[in-house]
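The following pair of complexes shares a single chain, chain A, combined with chain B in the former and chain C in the latter.
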Partner chain A sequence: MKITQTPSDTTLTLVLDGELDASSSVLLDTELSNPTVLQYQKVLIDCQRLNYISSAGLGVFISHLQRFQDAGVKLVFFNMQEKVHNVFEILGLDSLMTIVPSQTEAAAL
Partner chain B sequence: MQQFLRIIKQAALPLAIGSWLLLLFMMLMRTGGIPKIATLPNWALLVAQGVFAGAVFLYRRYQPDPLRGTDFVGLLRRLVLGPGLLATICVALHLVQRLTSAQPSNPAFFTIVYALNLGLFIVFLAYTCYTWRALVLFRAPYLVHKQWGWFELILGITLLLRLLNINVPTMLAGIVVGGVAAFGVYLSTHQRWVAYLNRRQKFVVISLQLGLLASLGIFCLYFLRIQFDPLLVAPAPQHAFLLLTVFFAAFYALMGILVTLFNLPTAGVFEQKREEMLNMQRMTQDIQRGQTEEQVYQTLLDAAVQTLGADAAWLRIDDSPDYSGQLYNLEMHQAEAVRGLLDSYSLSEIDYLNNDLGSSGGFQQLALPYNSLLMMPLRSQKQQHGALFLFREQRQGFERDNLSILQTFVSQTMLSVENLQLTQAAIQNERYKEELKLASSVQDSLIPKTLPTDNWFEISSHAQAAREVGGDFYDFLHLPGRRLAILIGDVSGKGVTAAFHMAQMKGIFHALMQENPLAKDDKDRFPLPSKFMAMANRALVHCLESSSFITASLYIVDYENGGFVFARAGHCHTLYYHSLKEEVSYFRSTGLGLGIIRTDGYEKHIKNQFYDYNPGDVMVIYTDGIVEARDGNKEEYGEDRLLAMLEKTYYLEADQIKQAILDDLNAFSYGQPIHDDQTLLVIKFKTAQPGSSA
Partner chain C sequence: MKNAIRISCERSNLKVVRDFVSGYLVGLGQNELRINQIVLAVDEIVANIVIHANAEDASKHLDVRLKVADGLFEIELRDQGSAYSPASYQEPNMPEYIQQGRKGGMGMALVNRLMDRVEFSQHKSYNICRLYKQLS
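Here is the complex of A and B:
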């Protein structure tokens, strides 16, 4: 799992590369727990190269969801692969989180 | 040969005594002490003398080895105090008598004393030579054993020389005798035994060998004095043989004394090393006996103080919960001051030796009553456990050598401590395993063992946890009015935490599916699945950690009305075979997992779905461990394969369908570890037999 941060003025883009399993979700949790993350208006997650997400990985997003909402930070996923999207959908997260097809749409939100 | 040797062994003593008596008899006859029977030729006396010497040596040779173990002092003492003392006293008496009385003695008496002394001298020489043999051959290589054999043989030949009266030229005789003497000198270099003596024993040995040399000297003096005595009636004994044995006996003793003398200065070092080795041995044994870290550390302190002669010491242990160390002749504040000083010099991590504390600035101010300090960190490969400080009052109290001794002690100790820790960790591990086993069996009891049976459906189930305990669960509950509640779920994560939440979920299930006695309508007596999920969500919010969630599906099957209602809270889609349409598909309803939304408003995210089933319909419910099982290429089993399997098997019995799916799954993921809990339930609806309803 590789996580790349691309910050801009108002937006933080995290590119997830690889499999988000129990061990790599710790890395993600560390990134998202950073207080500076809440200074952005939007946090975009690029899921193009996210091949797999385990329940631990989902748990990381779930645990930060409320925190982001309270701070007024939008959490947006884009470029999500079909099978990963399926996992979000089955769990019902698609109704809670913003998942859009492309980066332009994500940026436009 | 064996026979011959045995005869010689047995005959040696009587032969020696007999030949000596014969010799005495013949000599007395010559002096006229007893009536003369015949004129005796010289050779008769010489033969008797030779036989006597040979028999005594042979007798001595076949006595058991006089050396017992490494008791060299005992060996020499027996030699000097036994035959040596006896013979010496005898000769000395004679000398004293000769010196005090100027009168020529009675020839007969003189002859008896001479014969007696000659016998004793030869006995004494035999004892000495064979004692030396024991020392020469002590832990000697085989070659030396052989050389000794040749030496004996040559000495035996010299015994015959005079007997045969061969007239050898003086030059040649000198060379031969000189050669044998050189051989004796060579054998005298074998003084290996001296190394096994301690300082005190070396002094004793030197005095014993001096005593022995004195005895030899007295004998020689005696024989030299009487050599030209007119009273001497016997021919001079076998010169070469006696000369050589005397020479060898004396030279070996002399060499022994010299070697021992030269060894004396190093005896102290040798003993110290020996003491260290013994200490090391003792310590190794003690350490192995140590049951706790504290005992092991105390042994280290004792051994270090004792071996290095420290006047004060401090053993500091940093990482043991029950033992912080020990002080010996030292106050805590002094110890801490020394430690602080070393820390400030950044010396606390390395071995430190200071033999002149009084003249090093920092230590001077501490005003310790000690002048030498040796500090060694207790370090293992992994970490530093503490440090050992040793103090001595005198300057130059510790040597560089001491460091290596101490290092040996310390590494020995660290090894033992780590072994102890490993053992304790292993015990602890074992305990965890036991508890996990217990947890596993407790969890096992939470999973229904007997499946509900009725004539309108059949159920088959399979559950496999990835670890000892898992987060998958399923349960059944019969409700009044021929209804059956089926719950399946999966707690995020694995292991013990998941298992706790799974148990919680089971409790919630049984608590919420109770009949509501206040309900007016029959429908409201039990909560609908969506209501159940909402209530469960509320209950779980308080006990799930923020990154955990639970997915679940609750089905309530109503046989009387031939339908079922279910709600899916983020759980895997239900696979279904519709017998009327002859079609397999997933129920794709929406629904959010439990514990994700922690505020009110969950109900918006969960829906009930109603369906009227027909006999022959098959429902497959499962957890994600089934569809997310992977093959060697990391590909997932997936919903499509599962669907295809049901298309192939829907007409079979529930049990057979389940088995077919599992077989296919196992073939797919063959060789891969199960990385998530797997649960699979297959329910097949049947036409109820008329009149056999429950």
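Here is the complex of A and C:
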């Protein structure tokens, strides 16, 4: 798993590249735990190259979502592959998290 | 087609098992979505076995064996760690999990929803978990 951060004034974009499992999700957790993340209005997760997610990966997002909401930070996923979106759907997370098709739509929120 | 592997109980081997199962299912002509679902179910159980039942002890092993008969795909996982009790399973409440900021507790829900049948058995010196999925 490779995570690339692209910060702008109000938005932090994280590009996820690889597979998010019980091993690699530790890295993502460290990134999202950084208090500076809460200074942004939006955290956008680019999932185009996210090829796999397990419950450990989902757990990282779930564990930070409320903290983000309390701080007024929107967490938005975009460019998600069908097989990865399917995992969110199986747990009903697609209706509890913000997932949009493209970066343009994510930026417009 | 290779149908069995043995891994040591380390997190880095989760991908080894995923790639093994995925390669086998590609050979059976399954589509990407179906392959991902089965691989995910296996990965969730393997992660539980490696991390919880065997405490990531690299001196311990997990044996994975795959079989297909009459379109029924079977994955057998054998280890010598502490046994999982299916009776302890609780359906996750996702809105509640989000509110509580919980990290875990969803793996078995995925497995139960993705597979047709899940069996756990304890033997004298080892545990067996068998997962079944009817292939299209």
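Observations, loosely collected:
One rule holds in what follows: the second predicted complex is superposed on the first by the 109 of 109 C-alpha atoms of A that agree within 3 Å, B and C clash if a C-alpha of one lies under 4 Å from a C-alpha of the other, contacts with A are read in each partner's own complex, and residues count from 1 in each chain.
Here is the rule we use: contacts are C-beta pairs under 8 Å (C-beta built on N, C-alpha and C of every residue); 3 or more make two chains touch, one makes a residue touch a chain.
Fair warning: this is a prediction, and the values are worked out from it, not measured in the lab.
Superposition of the two structures on chain A leads chain B and chain C into a clash. Judged by the touch definition given at the top, the superposed model places A:Q41 against neither chain B nor chain C. By the touch criterion stated above, A:S33 is placed in contact with neither chain B nor chain C. Shared-chain residue A:S8: touches no atom of chain B or chain C. By the touch criterion stated above, A:I62 is placed in contact with chain B and with chain C alike.
Annotation for chain A, partner touching more residues between chain B and chain C: C. Once the two complexes are laid over each other on the shared chain, residue contacts for A:K83 go to chain B and to chain C alike. Once chain A of one complex is fitted onto chain A of the other, the partner contacts of A:S23 are limited to chain C, with no touch recorded for chain B.
For chain B, the stretch among 115-123, 457-465, 475-483 or 511-519 that collides with chain C in the superposed model is 457-465. In the superposition on chain A, the residues of chain A contacted by chain B and by chain C overlap at 22, 55-56, 58-60, 62-63, 65-66, 83, 90-93, 96. Residues 19, 21-23, 52, 54-56, 58-60, 62-67, 82-83, 86-87, 90-93, 96 of chain A are the ones touching chain C in the complex. Against chain B, the residues of chain A that register as touching in their complex are 22, 29, 55-56, 58-60, 62-63, 65-66, 83, 90-93, 95-96. The part of chain B that touches chain A in the complex is made up of residues 490, 492-493, 545-549, 551, 569-573, 590-593, 596-598, 605, 624, 636. Residue ranges of chain C in contact with chain A, taken from their complex: 11-12, 14-15, 18, 32-33, 36-37, 39-40, 43-44, 47, 50-51, 92, 94-95, 97-104, 106-107, 109-110, 113-114.
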